[in-house]
Every structure is written in C-alpha cells, then in structure tokens.
Amino acid sequence: MTVRVGVIGTGNIGADHVRRLSRQVSGARVTAVFDVAAQRAQDVARDVGAVAHPGWSGLVDAEDVDAVVIASPGPLHAEQVLACIDAGKPVLCEKPLATTGEDALKVIEAEVALGRRLVQVGFMRRYDRAYRVVKAAMDDGSIGEPLLAHMVHRNASVPDTFTSDMSMTDSVIHEIDTIRWLFDQEIVATTVVASKPSPLAAGRLRDPQLVLFKLTDGAVVNVEVFVNCRYGYDVRCEVVGSEGSVSMDNPSTNALLRAGRRAESVPADWRVRFDLAYLEEMQEWVDGLAKGVVSGPSSWDGYAAAVVANRAVHALAEGTRSLVELVDRPVLYS
Amino acid sequence: MTVRVGVIGTGNIGADHVRRLSRQVSGARVTAVFDVAAQRAQDVARDVGAVAHPGWSGLVDAEDVDAVVIASPGPLHAEQVLACIDAGKPVLCEKPLATTGEDALKVIEAEVALGRRLVQVGFMRRYDRAYRVVKAAMDDGSIGEPLLAHMVHRNASVPDTFTSDMSMTDSVIHEIDTIRWLFDQEIVATTVVASKPSPLAAGRLRDPQLVLFKLTDGAVVNVEVFVNCRYGYDVRCEVVGSEGSVSMDNPSTNALLRAGRRAESVPADWRVRFDLAYLEEMQEWVDGLAKGVVSGPSSWDGYAAAVVANRAVHALAEGTRSLVELVDRPVLYS
Amino acid sequence: MTVRVGVIGTGNIGADHVRRLSRQVSGARVTAVFDVAAQRAQDVARDVGAVAHPGWSGLVDAEDVDAVVIASPGPLHAEQVLACIDAGKPVLCEKPLATTGEDALKVIEAEVALGRRLVQVGFMRRYDRAYRVVKAAMDDGSIGEPLLAHMVHRNASVPDTFTSDMSMTDSVIHEIDTIRWLFDQEIVATTVVASKPSPLAAGRLRDPQLVLFKLTDGAVVNVEVFVNCRYGYDVRCEVVGSEGSVSMDNPSTNALLRAGRRAESVPADWRVRFDLAYLEEMQEWVDGLAKGVVSGPSSWDGYAAAVVANRAVHALAEGTRSLVELVDRPVLYS
Amino acid sequence: MTVRVGVIGTGNIGADHVRRLSRQVSGARVTAVFDVAAQRAQDVARDVGAVAHPGWSGLVDAEDVDAVVIASPGPLHAEQVLACIDAGKPVLCEKPLATTGEDALKVIEAEVALGRRLVQVGFMRRYDRAYRVVKAAMDDGSIGEPLLAHMVHRNASVPDTFTSDMSMTDSVIHEIDTIRWLFDQEIVATTVVASKPSPLAAGRLRDPQLVLFKLTDGAVVNVEVFVNCRYGYDVRCEVVGSEGSVSMDNPSTNALLRAGRRAESVPADWRVRFDLAYLEEMQEWVDGLAKGVVSGPSSWDGYAAAVVANRAVHALAEGTRSLVELVDRPVLYS
C-alpha cells in the first residue's frame, strides 16, 4: 500500500518534504501540494507528478490525499490541523502546532473529541540517532538519576526579520520538546537572561540569550540560544546524572590536518545536521500510517511546547521567572 | 515507476537487502527471492509479499523481475551475473564479482559484448559519507598531492572456518576497492606480512596481517587486517598528501562520562557501521535503474579487486612481493 | 640566588608545595615549615631538610625565610598574610585570601599602605596551558567579541562536612577568578539555582547547583558546580564570541579501544589535572622573587573573588539575585 | 646538593638544555659550556653564569663539572662519551650515541670494563606522559598480548641538507627506541619502502617512507616517516593487542569553532610537543645523580638503536629486507 500525501506549503522545508516523500521514503507518494506562491507550488508538483491545488482546504479534502503534511507559516498551522482532524486525515504538522497555547488546546480538544490520534508534530530531533543515544543512556541507568542538563542551540545567522521572541518560538521550542522528551517530564518554570548582545545581531534582537527551565522533579536545564554565531549550526546537549554524564556533539568522522590545524567541519545548517532525522521521521510516520497508527510527538507535545515557549517570551519581556501552567493531560496522550 | 527486484540469497546480507528494498528504498519492490535454504527464502518472501522461487535461474528470467540483487555465496556470483547479462537484466552483485580473475574477465567480456553496463558490484563504502569526505579532500586539493595511505580493517571476530586467504578475499578486498576508488589508480604490486598471531585466532589463521599495496604512480598504502580484534568493528583510513592529511575514524557524536572514563561506542559490526551506506547504495541504484543508468562500481572494479586480492593471497603464501597484471581496460569502463 | 621559603600548613596541598619547591622548582629551597599537627610538620621537614617551627608567626619572622607560602585553613589566611606584609616578606597564599570581603580589604589596605605588592593568591589555573589558550583566543580576536561563557566544575566527591556554601567559597571561587581573569572584567551580579539534588550528596548539601554571573559589560557566564559527580574531576569552559567560540576540555592524548568502547581517562582529582599549573605557578613566583617582582593574582583578585563568592552564598540562601559591590580599585592593582 | 653540569654543544638543543638545567630543574646548575662557535658558547654561558671552555675535553675534566650533557653533532658523540667514561663522569648524550654500531660498541665495552653505568642516551620520549600511558596499557594487560603497532613520525619540514638516510638515523631512530622500550624486545629485521615522493621534498630526498620492523616475538611495527608534511609536527602511535588497542595522538585540550570549522592546534615542532618530556628527563637524571644512580636509556639502548637505524639505511639502499644482528647483551644492561 502506498500512502498518498498532500503537502501544504512548498517553501524550503515543504519542498524538502515533498522531495523526501517522493524519492527517499518507501511506501509514500506525494499526490497534491499547495502554496500561496502558486508558481512555486506548480514547479514542485510537476517535479514529482503531483497536482498543485488552488487552496489548502481543497487539498485536505481531496480524494487522492490519504494524509497531510503541513509546512506553511506557523500562524496557519492550528486552523489547517483542525481541518485535517475534521476530514479524519492523519497530519504531520511542522512545529509549532500553534502559536498560542489556546489554539493548541483547540487541536487537543478536537482530537480528544474524535477519540483517536491523527496529529503528529514535526519535532524531528526525536528521530535523530545522537539524541536517541542520549535518551537511551538516561533511560537505562547509565548516568544514574538525571539531575541537570546543558543545551546549546546556535545558528550561523538569521534574517533581519528575526526577533528576540522568535529565538524562543522558533529555536528554543526545539530544545523545549527535546527536554520534555528526554526527561519525560513537564517544564514548570522558566527564566531568560539576555547576555551582552552580539554586534552582529541585527537591530533590536537580543542575542545570545540564556534560558533556564525547571522540570517537575526539580531538575534544571539551561539553554544557550545564539542565532548569529557565524561559524555554523551547532546543537549540543549534555545530561548530568548522579552517576555520570552523557553528551552529544556534532557528528565527527573526518579530520583534515593542514597548516598547523586539525580541523573538522561544523554543519552549515539544520538541513545538514538533521537530514537523516527528517528521513527517519517521515519513514516512521508513513510506516505507521500503513498500519493505521500515529505514534510520534503528539498534539500534547505541541501544546506544551507552545505554552512553554510563550512563557519564555513573557519571561524575557518582563525580566521575571515565569511559571508554566498546563491543562490536565487528556488520557489520549498518556 | 517501481523497480521490481529479485534477490538471490537470503542469508544475513540478502535478507537485509530484501528488507531495505521493501521498507526503506523509494521506488523499489522485491517481487522474487531465492535461497538454497527454501524455508528461509519462503519466510523472507512472505514477510514482504514476494514469491520464493525454486531456482535462481527461474528468478533471473521471471517476468516480474526487472533487476537482480545477488547475495549468494561468492563462488556462485560469476555464473549468476552472467545469467543476468544474458537475460539483459541489471544486476547488483555483492562482492566479490568472482573468486578468480578469469571468471571476472568472463563477466567483463559478456558486458563488453553487450555494449552497455548492466553490472554493479556491491562496494558499498563508496556510498559512505565519511569515505566521501576523504575522497573529496583528495580531489579538491585540500591535502595537496596524495602520497601515502594507512588503512585499518578490524573485525571483532570471525567463524572458525575463516582462513588467512579469506582475510584477503573477504576483508581486504573492501580496502582494495577503496584504495582504487580514492586514488583513482590501479594497484600494481602487493606484499603481505603476517604479524605475531593473536592467541585468540582460531587454528592456522594468520591474524593480524599487514598488507602493502603500491599504486601506479608509486604511492604506497598499508592495510592492517585483523579479524579477531575482539572490541568491535573498526574501519579507518588516513590519506597523507604533500600539503596535509585527511582521515576517517568511527562516527562519533556521543560520549558517556562514568567511572573515571569518557567512553564512546565502537560499532559492533559492519551492519552498524555501514547501514546508511547500504541504503544510499540501493537508493542510487534504484534511482539509476528508473532512468536506465547503471553507474556504481563496475565489473572492471570487481575484476581488478578480485585479481589484486588473489595476488595478495599469493604474496602471503609465497612470502614474496607479487606483481599485479590486469588486462587492458575496455572503453566501456573508462 | 636561592629563595628560601617557609610553608605554613603541611596538609595535602601544603605538603605538595613543600615537595614541589624542594624537588621540582629551580632556585628555591624550603627552610621552614609549620603545622598545627606537629608530627606531620616534622615528617615533612625532615624529608626536605627544613626546620619545623612551633608557631607560624615565628616562621614568618625567621631569618632564613625569604618568602612564605600559606596553605593553612582558609579562616587563618588573612591574619597570616597580614603578618607577612608586616614582616615585609612576599607571600603566596592559597585561596581564599580571606573568608570575608572585610578581611580581604584589610590585606589590601596593608599592602597599599606599604606601597608595593607582596601578596600573590594561589589561583593556579591562570598558569594552566589550556586556560591560557582560552585567554589567548579571547585576547587576539579569534572569537570576535566575547559574549557569554559556560563553565563546568565537577568533583568526584567531597567529605560529609562539605556544605552548600562551600560549593561557592571552595569550588566556584576558582571559576570566579577564572572568569574575572579571562574577561578582564568584574562580576556585578549573581544568581544561584539549586537543581534536583543528587541522591549521593550527603545530608543537606544542595548539589548540583547552577550559578549565573553577570559581568560589567553585560556578558553572562553560567557555572555548573557539582561536587558529587562520582566519575572524576571535570573542569571545562567554553567562551562564546561574536565570531566563534573557544573551549577547553580535559587533556586528551590517549585512547583505549576495548570491549566495544573507545575510552579516555578523566582526571581523578585536581592534583592530576593541575599539577603542571602548580609547578608553573611556583616556578614563576620564585623566578619573580629572584628579581624582586610579584606579578601573579593579587590581593585585589583575592578580595574580589571573596566578595563574589560570599554574594553567591547569599544568593543561594535568599533565592534572589545578589548584586556585587566592590570598593574602588587602588592604583596599586591597576 | 647541587649537581654541576657541563654542556657540550650550545646549538638549539644544547642551549635549551642549558636553560632548562639552569631555570627549571631543581638541584642542578650549569657551570661550563663548550661550542665550536665560541661566541655562541659565551653568550649562553654569560646568560646562566657559566664558564665557556675553549675545548670540550677540558670541560669534561673540569673540577666544577660533576656531570656532562652532550648536544654536539652526532659524529662526535662516541668520542666525547668515551672521554666522560674515562673521567668517571656521568653523561647524558643526545641521540645518537654513535653513528655506527662499532663506535657504540666501544662505549659499551668501556662502560662494561668500568663495571657500572655512567651513560644515559637522550631518548626523551620515554619520559613523555602520553607514551607512558601507552606502555602502561601494554604492561598491565589492558590490550591483551601486544601484536602489532603503527607509528607516524612527521616533521613540518627539514633543511635542504637532510638526506634519505637521515630519515632513519635522525627521525626513525626515535621510533626504534620507542618500539624497543614499549615492547621490551629487540628488533630483528627491517624493510623500507619509499612512497611516491612529495614534490616539496628537496633534491633526492625520498620522502615519505614506510619502514617495517619485525620484533623478536614476531610482532610487526610499521613506521611512516615523512619529514615534509608541512602542517606541523605529528607523532602518533597505536599498539594493537589481542584484546584491545591503545593509541596516542597529539595532546588536545582546546578547540576553536570558527568559520565552519572546529580546529585544534598541531604542535609546530618537537620542542613544543616534548618540552615536558625533556624537563622530566633532566629532572629524573639530576635526581638520580644526587643518589649516584644512572637509570635512563642506556648505552645498550643507544647501541641497538644505532645498529637498527643503520640496517634501515641499508634496507632502503638495497631495496631488501635487512636482518639486525646485535652482540650479546652484557649483564650490566639486563
């Protein structure tokens, strides 16, 4: 059985997904795409033999679309996901699930009302081998009881339109999901400290920043977010436990000795670093669909991440510690 | 278009290929399998919805088989590849292409007679990212002129039936192809030196051994082969040039700090180390077939590797330097 | 000329200093020692041909003592340093210079009154090669403008008498000096967050903790202090700048491949990690004395570190951000 | 007691030794120096308060010289060492002990006639911490039974006067001693293979070369020597055993992330890499002298290294495997 997928949004990420589903994932085929930039949608569609739809809701309802991938701008996600639930179609929604906790809650309510999961949120790091090694070491007792973690999230640069809030809602949101997943706990409070700003950060962007998260059991996680580090894309973490520590750094296999230096490459961006994670994510999603199962990061994960990210925005703006309050977790997500 | 593949041999490697083609490769489907162990073939076939054939030649000729993968015992390869050529079907043959240079030559002659390439040999390392980084650094001038290389090839252990000759024909043959590919040159001579034997090597197996290869332009490559190293699968190389050096070690992303040690995992075996290379190899092969192109390691590569491996066996047995003589390279492979 | 040194305190650190000055440092000789444990002092004295004094003040005044090393318990340091200044003798005082800012100020006042430096504080990290590489990269522009730093300070274990305050005054105080020295700035504020306590931390010790420091120019530094990490002594730092980042990890030269792992040793304790730094510190101190110069970490550095450490103790106790206020820096220390 | 040292030869290495003995080694003083370049000798002497002698034999016999360090050109070593033995004075002779096995034998005979050791050969690597870790892992069973080793010896560049023979007698001689010491065995045969020559190697210098050594128990060691590698000084080794492998690479503590690269420094030359080893060597030598003991690398080690190096020169010239024959080892060196 081949899963027929419709993709909403054919910008960079969306076009990558179309290509991946068409050329690298087994058991899937892209039959429909939509983008507000009609020409771009048609180009992508032609390349893989899909149809470019004039509107996203038509794509959701199309007969030859078994499942939907959403890679449109974040503010549109909640409405589009709700439409998929309404149509009874599985949907993989790029992060964020919603830009507010309230909107994310609507998705949860709709899914709970339906009584089964249709939604997966695109937190692809959970499919990354290196992160999985970290999680395994936490779960199998290798480091004793996890007590504390350090995360680093650096991008080479960002567009001029990038804001301090987006450091939380676009970048740190990945760390938020990673922390929740690794520790299998919720985040209960957050503080944000802006460091001395990089002279290379545009306009009023506060960059780098240091974010502290407190978890249910008291563990503290600090996240450095720096979106103008210049030298590359650098995502790392270390989880410290009572008996040891497990860490993850950039993949390293090759070294070049030249001119007094032993050098290794740093990934240029997240596509280089996480291409295999995206592939695993998609393949597992498609494999699950073939069996009628949705098992990846859930609406609940998307909701919690959105709420925490927004509390971090609040903490930065107010210069205070912000508490995180979540609704009770529905049984569907336990 | 979906490429329908028949797989001859459903032992470990063959079964992996069946699973990979069925579940991970886009655009392929396994329609037919064969194995002398009929039950094993049937189990594998049932798992992916293929037909288990009673003989390999029937599989080659089957209407619903567009292309063949050969993962049978090495001594059968040449005959089976010839049958595929005869049937005009593309074939991906696991190494070795043949156990003798003479048999490999027959394949070349058949393919040359046909006038187009149908055969690809399963030297999967050419699809490994880390090896590709080494090759890129050699090709783009990063290390100046390549002058010398060191290779290490270690297996944790081998079955009792493994012989000193097999160290060359089964293990070093991968290094032989890697060397030829990286340097884009032929090997012209080889010497083999058995070191002090490991007390853990069974029977008369000489292990570890050191193999020297001389290339057309005078560059020397030394290969350590050690198939009882106990601690894991460890494949490395370093190419030294006039301006620098490029090296490849085991992939490293995670570290565990515990009990006085900072530890990283070593791959347990070649399946762990090269699973992504196999996937790339298969996906590229299938993508090529869809376009009517076979472009991976050729019969010529299989022939040269077989000849060199056999000369290394000779060098070990005689304790001398053995010269390598190849026929002229047909235009088809230039 | 040989500098004749008197050593006050012959516990672990003091005995190390005696041995080092006698056997490894060129141009020095230990002529006098004192310890409240008279037998221990006599054993150490006999070993190197020194005299064991019955009181520390007699040692300070002894004719055959050109300079003094203080390795007694911290609460005695200020009084003993003041006696050395009174006697006009150079003194190398182990950290802390004093346990309160007030006492440290008395030392500064005495030295300022004298009009020249006699005091060096034993912040040995400034003599460590790896830390010097970090500082060099900050000073030569390699990382652009320094913006933020991460420090890790882990000890395998501590005695049952160790308290949460001591995490600041005994352990973090080294980070405080390191930060001030690397950035060449003062610390203006600090916050301390206790993480989930290790079940292996004795009694009421809060461990691990995360300490944030803000510097004059706005740069933020976070320090993880964990004195029960079990696996070894692990001191690291990374300084992130606008153009790059420089980091320091445990020294690594050897690896052991065995049983599925590639393992490197982690230092067991600070003596293993910093033995060469101590040697450099002592040699440079003695070399300076021979030329009549005291140039290492000053009373001012000792004062500032004591004040900041005490503010961190306050921040932990009160759960608030504590501001650091220092007196004006005397010209003597500029 | 202070050991008064006379230093013959005040070129780079000799001047380093003078400075080290005067400023960094405890318990030693340089009282006399000699160099054919009289001005250079006087400059060095003035700097440390020593006397510049008009001839080396006068220095050896001087009353205020307790022990001698020889850092003159290699061809003079044997004669000067013999004079020291004649004078009954301990001598630390830089490698080589002699340029021929015959001359080295004369030293052995003189020392054996005297009945006690006076001579130490300057194989400083035995004092290097990283090499000691390798040896410890071989001796304590960590890698099982040592079976094979790989050594790399690269220099950034050499003067135009450097010859292919000197690759053996100046560079590989360090590897020869290292191998003998690590394995605690003699070398019984050697083969040399010149690789494709670097276009940057001057004149007729064959560079790089690959040298194979066979040890008494059959273990094989291969050494790459490359004295024009350009990028730095790079000395490494890996010893492979029946249960594991231990390796040594350049010291690594710091990394710089910048411009797409994670870079570590490679030592510029042997002085950077081995400065601490030289210091340990000298301190241990001086400590031993104070106790009347000479215990470092012996005349026998110098003899064996000289013989093996010369056999390697022969092997290169003749293109054959050269057997190594040593006289019986005198009891004095057992």
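Quick notes
Chains here go by letter, A, B, C and D, matching the order in which they are written, and residues are numbered from 1 within each.
Here is the rule we go by: a contact is a pair of C-beta atoms (placed from the backbone, for glycine too) under 8 Å apart; a residue touches a chain by one contact, two chains touch by 3 or more.
Everything numeric here is computed off the predicted structure, so don't read it as measured data.
Listing every chain that touches chain B and chain D alike gives A, C. When chain centres are set by their Cα atoms, the one at the greatest distance from chain D is A. As a whole-number value, the distance joining the C-alpha centres of chain A and chain D reads 57 Å. Chain C and chain D have centres, each the mean of its CA atoms, that are 38 Å apart.
Separation between the centroids of chain A and chain C, computed from CA atoms only, is 43 Å. Shown for chain C are the residues that touch two or more other chains, namely 230-231, 234, 243-245, 250, 252, 257-259, 265.
Per the touch definition, chain D reaches chain A in the complex via residues 230-232, 234, 250, 257-266, 268. Across the interface of their complex, chain B is touched by residues 144-145, 147-148, 150, 152, 154, 193-200, 208, 210, 212, 214-215, 217-220, 222, 224, 226, 228-231, 240, 242-245 of chain D.
Residue ranges of chain C in contact with chain D, taken from their complex: 22-28, 129-130, 133-134, 137, 142-143, 243-259, 265, 276, 283, 287.
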